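Each chain gets a letter, A, B, C, D and E, in the order it is written, and its residues are counted from 1.
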Amino acid sequence: MQRDVIAPLVIAALVALAPFAGQTDYFIHILVQILLWGFIYTAWSLMGRFGLVSLGHGAFMGIGAYVTVLLWNFFELTPWIGMPIAVAAAVALAAIVGWPCVRLRIVGHYFALVTLALTAVVALSIVGLRDITGGSLGLTPNREAAGTSIYAFQFASKTVFLYVALVLWLIGLFVWRAVDRGMGRYALQAISSDEDASASVGINVGVEKIRIILLSAGLTALGGAVFGQYQMYINPETVSGIGVSLQIVFAVVAGGMFVQLGPTVGAAFTLILAETLRILIGNEYHAADTTIYGLMLVLFIIFMPKGILGAVFAGLERAKAKAA
Amino acid sequence: MLKLEGVSAGYGDFQALFGASLDVQAGEAVAVIGPNGAGKTTLLRVISGIIPLREGHLSMEGRPLDRVPAHRIIETGIAHVPENRRLFPRLTVEENLKIGAYLPAARSRFAERLDFVYSLFPRMKERRNQLAGTMSGGEQQMCAIGRALMSGPKLLLMDEPSAGLAPVIVQQVFDLVRRIRSEGYTVLIVEQNIQQVLKVVDRAYLLEVGRIKLSGKSADLLASDEIRRAYIGL
Amino acid sequence: MLEVRDLTKRFGGFTAVSGVSFDLAEGEILGLIGPNGSGKSTTFNCLSGLYLPTSGNVRFQGRDIAGWSSSRVCHAGIARTFQIPRPFKNLTILENVAVSAYYGRARSVSRREAFVHAEEALAMVRLPVDPTLGIGGLGAAGLKKLELARALATGPKLLLADESLGGLDESEMDQAADMLQAIRRDKGITIIWVEHIMGVLMRVVDRVMVLDHGEVIASGTPAEVAAHPKVIEVYLGSDPTARQHAQA
Amino acid sequence: MDTIFDIYLLEAIVNGVLLGGVLGLLALGLNLVFGVIDVVWICYAELVMLGMYTVYFLHVVYGVPVLLACLGAVVVVGVLGALLHYLVIRPVLQSEPINQLLVTGGVLFFLQSFATLVFGIEFRNLGLKLPILNFGEMYFSYARVLAFLVALAGMVGLYLFLTRTFLGTAIRAIAQDREIMPLMGVDSRKLYLVTSGIGGGLAGLAACLLVLQYDVHPAIGLTFGPITFMICVLGGLGNMIGGFVAAFIISQFISIGGFFFHIEWGYVIAFAFFILTMFIRPQGLFGK
Amino acid sequence: YDLTGPFAGGGSKAAAIGTQIAIDMINEKGGVEGHKIIPINADAQSKADVAINEAERLLNQEKVDLLMGVYSSAHCVPLAQKVDAAQKFFWANVCVASAVFKDKNLKYVFRPQVHSDQFGEASCKFLAEVAKPKMKKEVKDLKVAIIHEDGPYGVGVAQGNEEVCKELGMQVVLKEGYSASSADLSSLVTKLKRARPDVILHTGYNPDITLFLRQSREGGLRFDAMIGHGAGYGQIDKLIETFKDDVNYFYNVDPVAAQLLDAKSLKPGIGDLTAEMIKRYKAQTGVQEVPPHTSMGFNQTWIFLSDVLPRAIKKYGGFDAEALRKAALETNIPEGGTIQGYGVKFNPPGHKMAGQNALSSPVVMQYVKGETKIAWPTGLRTIDPVIPLPKGHAYAR
């Protein structure tokens, strides 16, 4: 077995043991958050690492979360069906916006900004449709029974969610691995370097690109849906919106988007950093924590452009080369 | 006028020049020839300071250039016509020429120099308001040379002015080089088109894998069997 | 195998290719020459599907391929190189070629077969097959070879080679000319070759076609074309080598 | 559709034009920087915010006359722009474009929090009362008219600077080929610094006009940031005249859209229009 | 509370200070039944996800016994559910959205504070009372426009406005929301001019109110009365600083700032409490005007610490969620028993607003030359309301 199988499994096993190690709910809560965000970040990086820098993932995540909850609240449709529908909706949106982008060669800054506008449209629409979405007040899934119901995908216990998140996270990593091992990865790298040249050697640029975009959007929507079920509350700001889109990209860059565990490391790093800074100083000196956070992001990008894990691997490689 | 002594340079881990020495006298035309990847472009880039000197010395009219930053080299009278012309495609011809006169010393004589370049290349005057990127290869080469002349240089460095051009245009370009010479400029030219360039210059150096292999009068080189076999393909 | 009729390409008001027609027989090497900006690369771009022709027909082995996408044209058996090399910067040399072999062939191949084809193509253009080599180490000549290898790996029947030699030195040019001849000889690939270096071109091609302002102004054997007054006026000038070679 | 109605619609249109002036001015500096350095300053609106604070503090706290305070803000933000380039952009110039985009995003976070830390969260304003302009039934904001005129002047001034002077021509040239600038005797580092300074100065100028109409608070950048980007892209990134025209188009969408529907739908229409435009003209309305 | 971000300046910080003052005062007196109150502060940064993370941390990591505070209704809603589901105790101090409780049947969440439906109600009832005598208009001829920021707070209040005003027979000629971070409200102003309302009912935060008032003045909008509803309008000193006389005679609906009430109308001792709070707030912040949010933070905290908590400890033997819940349900403070005037009695389980104080109410205040007077309910009046705006006023017709 290879490194990209073993490492995730080992981590997964350790995480799975956490509840038995007598950890507090808060600790579990942070773990769940890391895993869920890690999954979403991984989904983003599937396309992000091929130069498809999307700032539209806030939209996909928002649709995943909102469609699931709305179907449940208005039609009592179980999330087990609602989530696939939500994912389908996000994929459809990704196709509607993605296909013209692909056809018309909207790349680079322009792609980032078009998708940013998409996020803005979705977030503003959620606010605008306040009669059904609750506007910026947000939305709470109707609670079923005492808070735990498999049918409603609601679990009062965080431990259950920990395992749900863990499975999701592993799925994300294995999708990554599958993409990484196929020829598709070379095709996408070729495309990111030169679309015309790629087409001239027979790569169907449109299909390859749209495929990865849809995959990434769909997984992101799934992550958003589960996130909504876990938080039992969604609002345009936390699951959609420009802030979320930027947060995704930042975390991924911090962790390293070109290595399998990079996005997860990014999730862990940014979450833990934000929590620690806030707890240590933020509650004393207001805004000092976010100031430091912003500063660290800047320093990171300047001095570790490949992200934490990317830098670590590069360092190891160099050490190996020296030893040899 | 220009003197290089034991110059080494390279890119990152890669070394492209190994102790090359060469000199150009005022009023001379000198060519540097050699196969692909020999380091000819690198040599010109070292002279105009775009890439740093690793070893050796470089001087212009006795003034050492070893530590002079790239953008100040032009003040010493060296102008560089880069490989592939490198015009600013979305500026007009005249604006390209204007940039050539960016130096404070040149700005004050802008109008005068512009007239000179236009008299040298009337075609440029015709096309003064055309975007540089839309002109033909030969016209672009004229513009690039004109741009270099705008700074009022003493020495002109030219990197493969004929590359990628149609045969008629290639001839035009070599005619240009002759004209520049006859205007009294000192020229250091890098060319792949050995047969033709040797007819224009006084002397030439042969560069191979970053080292000067041979040098001599162009007529002698043209007659040399070794050169003919290896580089002219006859 | 290729019939082009009245091929026209306009950019806004500017006509880059205007009513170009020609036929190409299997196994032929056709030289395409003309002044800068005369529409040679644009013709290639129309044939290879990069540009949508404004009008005209292109029949390749009986099928009308005008308006097909690049990748489809490639699968049909037409490969091309780019005048200015456009390598995939983030892939190794081998991967550059393997990705073409995997995606470019008419019949789908396995991952392993793709790498085998790739190594073959690299050997043919005399580039190293070391899988760890990046493209950073390739000079101008190396990049041109990579272009050629990438095109060959797609298993084409027709190769469109755009100015493979510009900026190369004599010996490299000779090598490249030999390579093109070998490609035709060993693989039976038909070739259209765009080149400004008359010396080499005239020696290799069977037939030459000359474009000026997007129109065909002459066509025939190298000797005929080299003697054509219009061609001399707009293109060859007094280039001695061209005529020497054409006559040889 | 009685006549009164038309007057209100007309007023909405004119208000849109005036808003366009404000947005156009905002887009100007951003476009300049992008056009030349090829880096999008995501934190541009935050520079504007700092400019607004500068005017506020100079005028209200230190009693400097408004005009002088504005001049101060232009200078201060200009210096900040140059600093931003020197400290943050220059180190990442060679790395991937996404990193350049993000690094300024990090600066956005930083500036916003930093402003909170230093200035507190209170809303502040100059407390100036500007005269009211009205033509019959129609009323217009003095500050807006002023902003519109200044934006127009800024646009023309910048255009003349870029086309008439050696420095301006060099600035346009460096955008097209960074590498060979030394061959022209141009110190590209210095040129970048100057451009960033001018970009910052324009942000400062925009700040002066905004502070006449809006309260300053650390999060004010969010109000203008996204819309400014859309405008720049719509006009073709780096195309200053395009950006200026796009500002008027977008502001009409906002103004008229908001007039007929709820205000946020004005924005939704504007953003949707933006996406559609990208599909029809990916290079922006006025690109290339 | 939100100590940073946009909400911080909107009154959240003031409320946090009020809360702290109450806790300090109790602790100085020796705490509650021998227990010192140790507050652990958390900053929600005006972001819902941060609020949720902090709540998780406080409950599970810091192991606090109960959660108190929360300014933004957008945070209150999810937190109330989270905490309730975890069977922990939550005492909501400032957030007002009715949605926190409506049909949620929460068991462990209590709020002595008014809720947003009541804001909307108050302004309409006030108008209905003054229409005939003051404005010389039948109620059914009165044209009102409702505008609001589109956050949970604004939306909640506006809904209340619309429902009640319509019920009372007024004409609602325009109802529209906008984002608090809008760059331009001039098209809203134009629409208002076209709709020609007599009265504007406005709910907003600080930056948008400033922008709106400024653009209204520049846009030539005129009306008879402007009634604000808390939030930005609660911070009158800010508005005065900006607009000077232009905001004279504006109204604000809010739970009353304790210092404005006539101490004589309250239970003995309560007035002194208010005075102490004011003294400390001024000392801490150096600000002269004490916003109503401070009173909210203080009052709710005080009620809990002086009434509910002692009972829970004495009668139910501790301060676990169950004991607190039972103690809270027995709360019965008559009108005049708190510094904000209202009494406290919580709706019982099963009620559609279970956990909400049934006796709370806001008041309508009018700003006259920099002073705040009470205009409604008539019983608490400290001024005869001035309506319509007098001639010569910047917005007068």
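Here is the rule we go by: a residue touches a chain if its C-beta (ideal position, glycine included) is under 8 Å from a C-beta of that chain, and two chains touch if they have at least 3 such contacts.
Small disclaimer: the values here were computed from a predicted structure and weren't measured.
Path length between chain C and chain E in the chain contact graph, taken as the least number of steps between touching chains: 2.
Distances between chain centres, each the mean of the C-alpha atoms, put E farthest from chain B. Comparing the chain pairs B-C and A-D, the larger number of C-beta pairs in contact belongs to A-D. For the pair chain B and chain D, the distance between mean C-alpha positions equals 43 Å. Chain centres here are Cα averages; for chain A and chain B they lie 53 Å apart.
Our note on geometry: chain C versus chain D, Cα centroid distance of 48 Å, whole angstroms. Centre-to-centre separation of chain A and chain E, using mean CA positions: 38 Å.
Contact with two or more other chains is made by residues 113, 116, 262, 264, 267 of chain D.
Touching two or more other chains at once is no residue of chain C. The residues of chain B never reach two or more other chains; the list is empty. Chain pairs that touch one another are A-C, A-D, A-E, B-C, B-D, D-E. By the touch rule above, chain D contacts chain E in their complex via residues 4-5, 8, 11-12, 15, 19, 113, 116, 120-123, 125, 127, 129-130, 132-134, 137, 139-144, 213-215, 217, 219-220, 222-224, 227, 251, 254-259, 262-264, 266-267. By the touch rule above, chain C contacts chain B in their complex via residues 33-37, 137, 139-141, 163, 166-174, 196, 198-199, 234-239, 241-242.
Here chain A touches chain C in the complex through residues 183, 186-187, 189-190, 192-194, 196-205, going by the rule given at the top.
On the chain A side of its complex with chain E, the touching residues are 24-27, 29, 33, 127, 130, 135-138, 140, 143, 147, 156, 231-233, 235, 237-238, 275, 278-279, 282-283, 286-287, 290. Across the complex, chain D is touched by residues 48-50, 69-75, 79-80, 82, 86, 88-91, 95-96, 98-103, 106-107, 147-148, 151 of chain B.
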